[in-house]
Each structure stands twice: as structure tokens, then as C-alpha cells.
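What follows are several structures.
Same chain, two partners: subunit A is paired with subunit B first, then with subunit C.
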Partner chain A sequence: MHTLPFQFSRFDDDHLLLVNESGEHIFLDERSFEKLIQNNLNHNDEGYHSLKSRHFIYSDNLEETIELISAKYRSRKRFLSDFTTLHMMVLTLRCCNDCVYCQVSAENEEASEFDMSIETVEQVIDIIFCSPSQVVKIEFQGGEPTLNWNTLRHAVIYAKAVNKRYQKVLDFVVCTNLVTVTEEQLYFFKDHKVNISTSLDGPKHLHDKNRVLKNGKGTYDAFIKNLCLARNILGADQVNALMTTTSDSVCKLEEVIDEYIKLGFNGVFIRPLNPYGLAVKNEENIGYSIEEFVDNYEKALNLIININLKGRRFVEFYARLLLTRILTPFSTGFVDLQSPSGAGISGAIYDHNGDVYPADEGRMLARMGDKRFYMGNVAKDSYEKIFAGTVIRDMAEHSCLEIMPYCEECVYRTYCGSDPIRNYAESRDVMGKRPESRFCLRNKLIFDMLFRKIKRNNTDEMDVFWSWISGQDLKAIRTAREDA
Partner chain B sequence: MINFKDVIVVTDEVTANIKICTSIYSMDAIRAATYAFTDRYNIFITKGSPDEVVIVFESKGLNSHILNDLKDFSGVLIERQLRCQLEARNGKIRDIIVGHAFSQVDLHNAVKAIGEND
Partner chain C sequence: MRQFKGSSVNIAESVIGLITHNPILFSRKNYILVCEKTRFFTNGYEGVVTARNNDIYNMFTPTLTVDVNSIKMLVDGDIIQINSDGLLKVLWDKKSKSNAILMTESCNCNCRMCPQPPNKHNPDLIRICKNIINLIAPNPDESLIITGGEPTLLKDDFIEVISLIKEKHPNLNCLLLTNGKSYADFDFTKRFSGSRPQYFTTCVSLHSDVDEIHDDIVGSKGSFYKTLMGLYNLARFSEKIELRVVVSKLNASHLESIAEFIFRNLPFVYHCTFMGLEMTGYASDNRDDIWADPFDYRDELSKAVSVLRRANINVSIYNTPLCLIDKSMWPFAKQSISSWKNNYQSICDSCSVRPDCCGFFTTSGTNYSKYIAPQ
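Then we have the complex of A and B:
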């Protein structure tokens, strides 16, 4: 036998964890590991056949084995061939809210000079349709995008008209705080199949601490009223919500989950704070340690698993994403965790003045005076100049975990990703300094926790995970397992 | 009998040196192992006697216990050396896997070349 490439790490007192390029993993005891690295395992040894079937070793025909691994590797990197799917438009910097962790430095409601014009929105859409991807998702962001209603409305109608020529799969999402949304706007979203992505940080006392109006008043009541209206008009499944964890909620995730369930959401994405804008400025008041976050994230995940076992389907979306990467060979389209980075490749953002950046964080840095990630402007530059320029090339070259110090040998790198803009914001280096990176520590601790669960292989827990990954209900998963 | 005190010299609470034999550990392994400690230490690698480097660790003052950390470092170094050895053995196969995933590599000749080089 001969070994194939893999990464490894000591997992616990008895076992090492091994992961390879095709995304397969295996736990090995020390004795088997020693035999493996000495090329000394034989087919009678425990683990031999698992190692072979999962492409950690081969005994003959290396060519065929490489064919198989390469096919899986290509599947995992499929996001690269969907260049570029997600296009985010900042329709205005105006916002009625003054959230404690806002990363976009919103302007006040009268500052119309920060609105995207009709002319610019058409130029943005013309550039978007140059993208080779057959799937285009246009996401309207802000500020509060509904405050620039005429441009939003025109963007949808114009994009649909342009798409008659291109015949792409075209989706729209509006990211709105729902506070000032009107019935007329909601009917427009319904008529043009514009999904709503909104923010809910938990029950009233938590939500109102973070998400407040300019006058300091909480937004929960207005949010709930308009959430009901939106669901009545668009349908419940057309409205999704995201939460952001602060020091007030990190120990109260149970309350957040209860609120999401009470309001009929089918899952929650337990998101930590991102180190930009007001989240950095207010860190002393709203921040927490990574260890505290992951510790509470694990408790929340256990609670959610139990909720599923009691019969209510409810997904934790980040765990589902990572588990899909660990337990299946499929590509998952999460811009913030790809290698090379998904910023610019999977998604791009168009500022109100037509400036283009690979991600919102790049735009934020520009607002703070650092245009390191400026890719071009839709009025001045061609698609090729913007999307094949030095910014994207440089980011791709410096965000492949496979060649980045520390990441290259990390056991989790097949499932992980890099965030060069965040690296740059934290260390002025797009490669970043991994031993000091909070992003790296958080993901490592979450992977550790998920792999502990996978190693434990508790039937109930794994059934819930497979129901999330497959989209099937828990009963169907159990029946399939029992039949197998 | 050699013990840790023969290779680790703790100067004071925040500074210590460790001697590493370069005929046992590659410079790649040494660099990778030290990099993992850069969050807690300022680190300088310098040449000692022939076949030896001396690594200077200076704590950044984050409640480190320097002797214990350097003992951990020895464990990390062994793991990094093993990774380097595995990479030397398997790196070419990895390159073919990645190359073949995105462009059609002539697998027959690429695999043959590995055998010839070995």
C-alpha cells in the first residue's frame, strides 16, 4: 500500500483525525496511524478498507484513484465555474435605523445624495448581465434599500427586461429592516417574486437593544407588524431573517431560538459580530470572546437538535453548511467561506455611486478612506476591466488555503475558507496572520465541536444532521436508516 | 541523560531559547512550528553551531508559561516534521489531483513520472 495526500491532527487522547483532498475524513488510533505513515498497513489491519475506500491509501492503479479524487475535488470547487452569481446593490446609504453593530455607516433619512440614480442602476445591471454565470441573484442592500423606492422598482423592471435577451435564472432579494416598508412595496415584491431577507435579533428586549431608530426607540413592534403583513402578502416562505449575536444575546440564544420558532421561521443562522464599522467601535459594550461564542453556539445547537427530535423541523444554517461540506462531496455557495475566497468570484457589491467591490467589507474600507479593494466603476470601466482586473486576481492568489501558511496543513482546510478583506482589515495583510485570527479560531472551534459529534455518532443527532443536509424530514431519514 | 533543560534555556519569565538540530528537523518544519506561536511570542530564529539553530522566544505578555509553551513547541515541531515528510512523499500526487480537476492532465505520464522520480 501507499499513502495519498491528507492532512491530520491529534483529535483527542486516543485518536487522530485525517482529512483528504476529496473531503473524506477518518479517525485513526495511534497504532494504525503509525502503520499508515510507515506504509506498513496490510489488508488484515483494522481500518485498511475504510482508508482505501476513502482515498487515504491505494494499492494499485494510481491513475484511476486520482481520477476519482480529482472529480470530487472539482465538485467541491464548483463555485468557481459559477462566476459571478450574487450581485449586491447598495441602493442608498440612508437608513431609518441606528443599529449598534451596523457595519455600513448609514446616513440619515434625508441624505438623498447617497442614493443610487436610475442611470447608475441601469449601468450596474448591464454589467451584471455580462457575468458568465447562468444564475444571477440581485440583492438590494443599503442603508435601507426601500427608502430609494423608485430606483429599486426600476432595477427590478429593467433587470427583467434585460434578461429577456440573456434568459438567465434571475432572482431578487431585498435586505430590509421592514420598519418602514409599505403595503404597496410588498405587493410589488410579490408581483415580481422579490424575496425578503430581514433581521431579527430575538425577543423584544434583545432586538430593541440592538436595532433602534435614530431617536433611540426600539424597532421590534414595527418589525413584527410588517413581518406579519409581508408574510400575508408574499407568503411565509418568502421572508427570511438573520440574527447577529451581541454580548446581550450570547448567553441567551435559547430565547432567540424560542422567538424564531414562535414567529414560524424554519431555522436560524447564529451569526457572530463582524469586525467592521460600529461593531468595532462598540466592541467594549457588545463584544465577547470567541470561546464564549462557540461555547454558547454549541449549547444552542444541542437545543436545536432536541427541538428537531421532538418533532419541530428547525435548522441551524451554519452547522448545516459545514456538515454538508464534511459529510457530502457537494459544493456549497457561501461567499464568506470559500477557497479561493468567494469575494468577487461568487459575489460582488455595487456602491450607490457605481463603484464595485468584491464584498461589502471592501466597500466599508473604502468609506474609511482605504480603496485597496476598489475594482472599478460601472460608468467608466468595462466588465472585463472590473472583473478580470488586478484586485480579483490578487485576492484569488492570496486566498487559497491550500498554499497559505498555517492553513495549508490544517486538518479542516478542505471544508474551510478564507476572508482576505477581513484579514487585511485586521492585519493589513490579505493573507492575514492565522495564529492571531479570530475568524480562524472560531471556525476551528466549531469544526472541533462538529467532529466530536460526528465521532460520537449518536443516531438521533446524526439523523437530525442528515435531515438538514438532505432537506428530508426526520422520519424519512430514520426510515431510510432502519431499512438499510 | 538529556532532558529539556539541556535544549531549553529560560532566561527569565518572558524570554527563553531553544536549540534545534537541523539534521533532524527541516527548516520548513521549524518555520511552520514557530509560526504557530507568533500570537503569543515574538520569535527570532538564528544560527547556532553547525547543524543547529537557536530560536529565541520572547513572550508578548499574555500570561504565558514559557517552559510549558516550549515543551508544547517540541510536540508541534515533531508533528510539523512529519507533515513535511508526508508532503515530500505525497505532494506530487496532490499537484496532479488539483491539476487534473481543472484541466485534463495526461495522467498516465504524470503518474509514471512520480514512479521514475521515486
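Then we have the complex of A and C:
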């Protein structure tokens, strides 16, 4: 018997958790672990079979074993082979809202010098279609992108015309607060199959605390009115919402979930605050500790599991993402948690003036005067210059968890990812300093919590998780059992 | 396959033909006439099967005389073989929705639960297979099972036979039963993929998730990884793959682990089956080493099925009577035993789910679970 590479960590009083390159995990008792690392586990020993089945050990066939491991490794890193699919463009920095955690540092509604011009948007789209990816997703961001309506409209029509030549799978998403959206605009979205991604922080009293107009008034009522309108026109499944957790909502997540269910959403992404823009400035008022977030996140997850068991399908998207990574051999496309970093490789953002950055956070740093992540400009530079330049290469080199100190030996690293721009923003170092990284601490606590559930292996809970992972109806998974 | 015994006249070499009951056909080539009594001249038929031979009409045609009840079991469209030793074999049963062709009895495994122990290859089997393929006129709902031995061992002959199927019956649904080891050869897999008819499922046996147990079960070291490399090559050509796990004492305790292994390493498979034992051949010789009562492993089987069900991989239970598995698993249990060797016990007469149950292998004799109970 020989061992293959793996990471491990003490999990609880009785067990260690081991995870390897192919994404397999195993809980092992101390005695078996001792035997394993002494290289003297016998094939009659407990644990031997599972360790072998999951590629922690091998006997004779190293070559074939590596073939199996590498097939799974390739599958997990599949997101790399498509290169950039998500292309975000900042159509304007203007916004009617003045949200407490705004990352963007939005400008007021009259500041039209922060609009993307028709000429620039065409140049952006020409660059986007140079991407080798067969799937192109164009996301309109802001500010509030609908405020620069002419450019948005032109972008959709122009991109579709260009795509006649490329024949890619082309999707559009508009990130809008819905506050000022008009019926005419919604019909345009419907006609051109533009999905809506909006923001909802919970019931009125929570939403209106965070998401306010420049005059301080809440936006909830206008949001609800236009959400209904949008759904009527586009269809309920064409509108998705994101929430941001603040100190007001962190211990009231059940109210947020209720609100999402009441409004007919099929799931929620319980998102913590990100350390950018106003969120940093207002941290004292809206922030909370990581432990507080994860504790409440777990409670919320339990509540959501019960809601599913009672017959209402409702997904918590972050848990689904991590569980898919832990429990399946497949790749997952979530730009903010990849190794190497998804920023730049999987997604890129185009500023209103045509400047290109790997992610919104890179753009914001530039606005504050640090152009560290500036990749080029669509008017001046070629696709090759922008996407094969030093910025992306440097980020990729410094964001492979496999070789990053501390991450490299972390038991969860096969399932985790890095966020170099965030690291840089927090520590002036793209590699970051894990021992004090909130990003790291939060993800580790969430992994701990999910692995406790996996170890407990409660049938109901795992059925719900699998219904999210495999996209099947919970009933379909359980029917057979319930008939009994 | 079904077989009868009779007495032969004029049969030198074995004769294969399609059955007809019409004694006055114009075009008689490829046909074997079946009649209770020969009343017309039989010249031109490949052969005659009758209960009463009148040699005024039938002097030279190869003829087999059998009892009248056997005659009644043969229908037009059946393909039979009659031999000089008086044996009549039904090679193609028109009434059955799935018929098998046996390509070889030789094998590169030596499974401890094999119901059809390997034998030296007899080249005549290839001639018979080709004969059958040339004669049949299958309906769209029928399927053809290509079996052995290990059919892929024949390499060129195997490719020739599947090419012939593709040429003659391009839309026929085919299943190949194989241990998959030949596909570890990429070039062979490529040839296979280019030669097969379009509706083709490759059914590969995989009996464990670790090499030492699989290799022990199949009696051949190195088999596990060869089969896995074969499966990877089949996947590279987007072949439709079914996995067959035969459950015995040697793997019954880790079915869940096998299911997890399949999802993790072979998520591209189209269908996965857990199969009960057919207790004949080596299986019956090695009874003490291999027999596992499905009733005793039913919980482990339920777990394994759940793993694949959750992961959205099609899964079935074959050859396992309903009373031996958890009721929640009934939707996965299929009537999987070929009709010619399928029966029920007398205790089953009062069972309410007998019509949905796979029943038993007649070939298993009295080797079945002691927990059989009407539901």
C-alpha cells in the first residue's frame, strides 16, 4: 500500500477529515489515520476499502490510478477551458439609489459624463466576441444601467447583429434596482430575452433601511410594484434577486427567507457584505462578526431545508455551490471562488470609458487611484493585449490555492477558491494574508458546518441537498421511499 | 435457449433456417418446414421438422422427427438449428422481445459466479451468428443481445458481426454484454465505435470499487483497471454505457461504496444495474463462496440505489424477486429474466405482486432465498 497526496485536519473528537486532489473526502478515526500515515494499513483494516476506492491509497496500478484522479481533476477545472464567458459592462455610474453598502460609489442622476457612449459599447462588444468561449453572457451593470437606456438598447441590438457572424450562445442579464424601470423597457427585455437580476434585502423594514433613494426614502414600494410588472411582462422565472446581509438582517434571516418565498422566488443567496466602497466606510453601522454571520447562516439553512421538506422547493445558492463541489466530480461556475481566480479568466468587466478590469473590485480600486488591475482599454488595445497581458497572468499565478501558503495545506482547498483583488484591497498583496482574512475564516466556518451535516448524513437533509445539486424535484428523489 | 430432442435423418452438418408452416412455398431456401405430417414434396427446404415423417415425400431433406407438442411450440419467424445428434435449438424466438446471439464461449475472465463457464472458442458460432443476422426481420420493438463468453475477444470477427448488423438492421436496438477489457485499447474502441449500428448499448460488468476485490471476483489480476480504462475510452467516443454489478457474497457488503465510486468516476454511464445471481455453472459450483441472500443485503442495496437515484443516474435492480428487497426499491426492480428460463415458485401463486416480479431462474434450481414470501 502507498499513499497518494491529500490534505487533512482534525474534524471532531473522534475523526479526522481527509480530502484529496480528485475532490474525494473521508472521515477517518484516529487509529486508522495513524496506520495510514505509517504506511501500514492492511487490506482487512477498517477504512482500507474506502481509502482505496476514493484514491487516498493505491497498491500496484499507479498509472491507472492517476488516470482516474486526473480525469476528476480535469472535470473540476473545466471552467478554465471555456475562458471568459461572463462579460459585465458598466453602462453608467449614475444611480437613483444611495444604498448603505454600495460597492460602486455611484454618481448622482445628472452626471452623464459617467455614461458609456454608443461608440464605446460597440468597441466593448467587438472585444467580447473575440473571446474563444462558445457561451457569452453579457451583464449590464451600473450604477443603474437602465438610466443609460440608449446605450443599453443599442448594446443588445448590436450584440445580436454581431453574433449572427459568430453563432455563440448569447445571454443578456440586466442588474437593475427596478426602481425607475418603465413598462416600455420591460417589453424590450422581454422581446430580446434579457433576464433581470435585481436586489431585495428582505421585508419592507429591512429593505428600506439599506436600499434608499438619495433623499433617504425607502425603495421597497416602488420595487414591489415594478417587480410585479416585470414578472407579468417577462415571466416569473426571468427575474432573480440578490440580497446583502447587514447587521440589521443578520439575525433576521428568517424574515428575509419569508419575504423571498412570499414573493415567489425559487431560492436565495445569503450574501455577506463585501469589503468595498461604502460597506467599508459604514462598517461600524452595518457590519457584524464572521461567527455571527455563519451561526445565523446555519440557522437560515436549517430553516430552508425544512421548507423544502414541507414541499416548497427553495434553494440556498451558496450552499448548493459548495455542496456541488464536495459531493460531485463536476466543475462549478462561480467567478468569485475559483482556483486559479475566476476574475479575468471566467469574467471581466468593462468600465463606462472602455477600460477593462478582471472584476468590479479592480475597477473600483482604479477609481480610487490604484490602477493595479487595469487590463487595457477597448478603444486603444487589441483583445490579445487586454486578455493575454500581464494582469491576468499575474493574477492566475498568484491565485492557485494549490501553491499558496496556508491554503495549500488547508483541508478544504480542493473545494475553495481565491479572490486576489479582495486580498489586494485588504492587504496590498494579491496572495493575501490568510490568518487574518475574513474571506478565509468565513469560508472555513461554512465548510465546517456543511461537513458536519455531511458527516451526520441525515436522510432528509441529504435528500434536500441532492435535489438542489442534481436539479431534481425532491419528490422524485424521495417518492420511492415515501411509497413504502 | 430453448432446446428439444428428436431423431435425425439426412443431417450431416447442422442446419439453420427460418421456420415456415407453409408446405408449398416457391422460394424454399433458408426455410425449415415445420409440419405434423409430411404430405408434400420437401425438396428445396433447408430442413424439415415433423412429428410423422412420410419418406415418400421427404427422401433427401435433412429432417428431425420430434414429438407433436414440441412442434406446436415453434412459430413462423423462429430461427432454429437442427443437428445430426437430434438436437433442435431455438436460436431466435420470434415471440420474445429480446434474443441473444452467442459469439464465443471463450473469455478473458473466469468469474467465480459465472453461470456460463468459458470454453474453447468454436468458429462455427460466428457462422451461426451471421446466419441469424441475415435471416431475421426484427420489429422495431425487438432487441438483440450480443453475448459470450467475451464477444470482443474475437476482435476482427466481432467487428465483422456488428458491421453486418449495422448493414442489415441499421435501426435494431443492440446490447453487448462485455467485461470491457478490450476497450482499454483505444484503437479497438475507435474501430468499434465506427462499426456499430446506431442504437447500441455496451453493458460492462463491474463488480467492485477496488481492484483486489473485482480481480478476485473475475478471477483475473489487472482486470479492474483494464475495465476502467475501457470505460474511459468508451466515454471518449460518447458510447452509451450500462454498468452491471453482479451482487455476490464478495461484494454485497459494499454496494453503496460501489455506487459512489460509479457516480464519482463514471458519471457518464447511462444506466447502472445491480443483478442477482443465476445459480448455475461456476455459481453453483462455488455456492459456499459466493451465495448471498438478497434479503440479507437488502439495506445495502437500498443505499446503493439511493446514491445513484440522488445523483440522477438511471438505476435498476435485476434478477431479484420483490419480496427480497425493500418495498421502496420496487420501482427499480425489473422483469429481467429471459422468458425461456423464467419461472415462479408454487408459494408465489398467492402473491399480489407476482405480475410485476422478475421471478426466478429455472437454471438456478433450488438455489434461492429462504425468505421468499407472498406479498
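Operating definition for what follows: the second predicted complex is superposed on the first by the 478 of 484 C-alpha atoms of A that agree within 3 Å, B and C clash if a C-alpha of one lies under 4 Å from a C-alpha of the other, contacts with A are read in each partner's own complex, and residues count from 1 in each chain.
To be clear about the criterion, a contact is a pair of C-beta atoms (placed from the backbone, for glycine too) under 8 Å apart; a residue touches a chain by one contact, two chains touch by 3 or more.
A quick note: this is a predicted structure, and the numbers were derived from the prediction, not measured.
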Partner chain in contact with A:His49 - subunit B first, subunit C second, else both or neither: second
Contacts of A:Ser59 with subunit B and subunit C, given as first, second, both or neither: second
Subunit B versus subunit C as contact partner of A:Thr328, first or second or both or neither: second
Touching partner for A:Ile477 - first (subunit B), second (subunit C), both, neither: second
Which superposed partner A:Asn302 touches (first subunit B, second subunit C, both, neither): neither
Partner chain in contact with A:Glu67 - subunit B first, subunit C second, else both or neither: both
Partner chain in contact with A:Trp466 - subunit B first, subunit C second, else both or neither: second
First (subunit B), second (subunit C), both or neither touched by A:Thr182: neither
Which of subunit B and subunit C A:Pro435 touches, first, second, both or neither: first
Set of subunit A residues, in rising order, touched by both subunit B and subunit C: 67, 71
Residue ranges of subunit A touching subunit B (in the complex, touch as defined): 3-8, 10, 21, 37, 62-63, 66-67, 69-71, 73-74, 77, 402, 405-406, 409, 433-436
Subunit B to subunit A touching residues, read off their complex: 32, 35-40, 79-80, 82-83, 85-87, 89-91, 93-94, 96-98, 100-102, 107-108, 111, 114
Contacting residues of subunit A [partner subunit C, same complex]: 22, 24, 43, 49-50, 52-54, 59-61, 64-65, 67-68, 71-72, 328-330, 462-463, 466, 470-472, 477, 479-484
Residues on subunit C engaged by subunit A in the complex (per definition of touch): 209-212, 222, 225, 228-229, 232, 254, 257, 260-261, 263-265, 267, 306, 309-312, 326-332
